[in-house]
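Let me begin by handing over the structure; questions about it come next.
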């Protein structure tokens, strides 16, 4: 479905990514592993159009695909950021329901109900009205996951989605990913946790560091 | 802090406060020198007094406060004598005639104060014209639009507004009106109408307690009038003799 | 200082206050949106847009508002653009303060983490929605103290209208001071300004407190 | 407009510019530290300290600088505090601008993440070191645009010294305008102000760019 | 050495921590585990004096110990924060060498040399001159660890120190902790990673969530 061919990227004269090629099959889950600093986050930024790349091609369903942030508005790609990037001025609930309300044609009630369901699934039911600064690390991470899920994108990218989660929550997230797989959502998961990867991956790509 | 009593005798330099934008009475030349009718007269007076004199630029609104605080000793810059002001300061004998006149554009056909009916009038804030305007409402105030005048910070802007057509008349000193119109490329466009208000006089303002100084200055002014100095300066600066002849 | 004198001159001062307030409020309402717009333009991708807006900000901040008033009111008639007095004042104030506000908003926009806008883009929000729902609320929190400075300047700057013959609070005080040769009217003027600023300061602190709900 | 006239009045204008610049520079050098100090005090744990400083800021921002100049120079002699003209101007400007700068710095301090100071405390840095090495550099980056506004205001506000009889750039222009009955001197004044602000704007942008090394 | 007795803490009317008691023995390593939101970060904040507590007592070497941030200046406690809290305006090297230079009486050269050694150990030798915004998630975390280590505190607290690290770096950090143990440094490690905990812990405390 999404195919990268010989993608390279240099920042400030440093080669960050060199000729990376792989393909994700529709509805499958690809895990990207690799040492810290290998360029995993950068790769996700390229796929989601937040970063340009220097050479190589990307195709989506065999058609040339120029990752641009506008694609997102068409519901193509969602991202769970490594550093969460919650909106500090919005409550947990509003962080999740904002985009469905504004972008999808959900009405406010629908959007809120969906958000509450997601919070429930991630064991955050009682945190709906707190603001990000009142959440613990793992709680923030789960809100970030819920926020991305709420938009039902075709391709969902996760950057270390379980780094702040305890084993039982990690299993919840794994279950969630399996469930989305049943809904035919294509998922790309960056993770350090090899057990976790083993549990969810249809395919694993190892990114080697440069230098 | 200056010893204010010493201004009465010859020891201390006298400080004359003036608005250095007030042409042609006292203003700064292009080279920065302060000149003008009052400046010439003050220098001549100082010579008669045998006392040194310096000029300090001040904000005209603050003149009486400057005097009271002793940061200046004399207000000498086309300072119109009025009963109001006499409550605050001591005046020397008057040395020059002046009059509040109405300046209009010729094309607007205003030939008397009465023609200002319903028209807009401009005034300088704090000028003696403003005082007369308020005190004698029958002459102008009750005639003009909204029964109020537009107040300007200086005559210059008042004249600019007159030419822009947003006012139809400016009430101001005949002396300054004469100077202003002489400076124009096309002086014939302007018209000066007199007769609304009676004449007034310029005098020098001092602290009330400086009685000795007042006596010495009055004497000096008498001498300067008698030897023709004031008349000569008047011709030099106003192209006419505006000296006051004492009716003793 | 005596009470009778104060009650005598107070009506004139309050009359001047009306002009001060009307100019203040209208300028605020018009120049804040202008400033916001310009601040966004100053961060535009298009070089010419940035250049033009930089020039505008420079001209407006670069010359005294007093001179701008003089040029608008006395200078423009030379090329046959004649403003009515009050409109001239309002026009000059709005374009002047618009530039100051633009700089403040630009600073605010700059200090909102880029990651916020990236996250919103990925979620599919349109630029306008990102600006309105994500960026602006965070900018507002940051700019209040600096905006407070300018808003309070504006109350007092309105006294510059004297130069085009409009009478405001300070002008009313000056007239009384020059006429009665006493600093009392100015003291009263100061008190009225203090009351106005107290109200503004209170409003600004409330706004700050409002945004304290998050960190 | 003719060149000969311009060269004739230029020396007087440049002379006025000297006063403008000297007041500007001295005020800046003295009021920025004052403002920084006050901004820290405004966030003090001690209520009375905060109350006094709030009052100070309110009084300074709450009344026009023009009135403050008048009170310092004409009012204080009543209680036997006599300032020399230039010192009076400098004193009034420093305490006035100190208050404006204080508000800007307060906003800047507020928007530095509390976690920064916590991390530095745990590392054992003393309060002064935390302020100097951790907080201030981050505050500086944030406040430059707002400081720019006030700094540029200061250049132009220096023209208020006319009220205590000091001659600056704008005054020099006014004199020439009244004498020669033309708006040309004011145009020249505007140009000189523009040049001064261009230099300042350039300096401010460099400062901003300097802090761009991090995000 | 450090003993907590019945420590409780309420924030905004929510009981976050309830009657927590444990003791850390000098030179040993205590792991604190527990689900997300259990109050682990809050507990570390209390120990390090960043947060007050409502009831209970803390003793250090059998003397009453009032955690105050000033203690830190005496080199008692160091903290690696869950969200790193690097100083954004300082380079990686300066982030690490700043405190030794200002607080300990190390001269500049010593402080820099020590920082470089630490960077080397954490595989960050080539990142010394980068600023935090130029670092990947795992690189930031390692700088945060190095910054705390550089002060040689008596008690060192880590909040999820390996959340962003790949398995091999996790082993490096475990090795580092073992090495510090030899230097008789008392260590408190909050972690979700049970394998990691097993590797380093002399003792494990399980924090149960409230509600």
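To keep things simple, chains are lettered A, B, C, D and E as they appear, and every chain counts its residues starting from 1.
By definition in this document, a residue touches a chain if its C-beta (ideal position, glycine included) is under 8 Å from a C-beta of that chain, and two chains touch if they have at least 3 such contacts.
What you see is a predicted model, and the numbers here were worked out from it, not measured in a lab.
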Separation of chain D from chain A in steps, with touching chains one step apart: 2
Set of chains adjacent to chain B and to chain D: C
Maximum centroid distance from chain A, chain identifier (CA atoms): B
Pair joined by more contacting C-beta pairs (B-C or D-E): D-E
Angle (degrees, nearest 5) of the CA superposition of chain A onto chain E: 180
Chain C-chain D separation of Cα centroids, rounded to whole Å: 18
Rounded Å distance, chain D centre to chain E centre (Cα mean): 44
Centroid distance [mean C-alpha coordinates] between chain E and chain B, Å: 81
In chain D, residues with contacts to at least two other chains: 70, 74, 141, 183, 215
Contacts with 2+ other chains: residues of chain A: 83
Contacts with two or more other chains, residues of chain B listed in rising order: 61, 65, 160
Pairs of chains in contact (touch as defined earlier), listed by label: A-C, A-E, B-C, B-D, C-D, D-E
Chain D partner contacts - residues on chain B that touch it in the complex: 1, 17, 20-23, 27-32, 56-59, 61-62, 65-66, 69-71, 154-156, 159-160, 180, 183-184
Complex interface listing, chain D residues touching chain B: 8-9, 11-12, 15, 70, 74, 77, 82, 85, 162-165, 167, 171-172, 174-181, 183
Chain E-facing residues of chain D, complex: 113, 115-116, 118-126, 129, 133-134, 137-138, 141, 211, 213-215
Parts of chain E lying in touch with chain D, wherever the complex brings them together: 48, 50, 69, 72-75, 77-79, 81, 83, 85, 87-89, 98-99, 102-103, 131-133, 147-148, 151
Touching residues (chain side chain C, partner chain D) in the complex: 58-59, 61-67, 70-71, 74-75, 100, 103-104, 106-107, 110-111, 114, 141-146, 148-150, 152-153, 156, 159, 170, 183, 186, 189-190, 193-194, 196-198, 201, 215
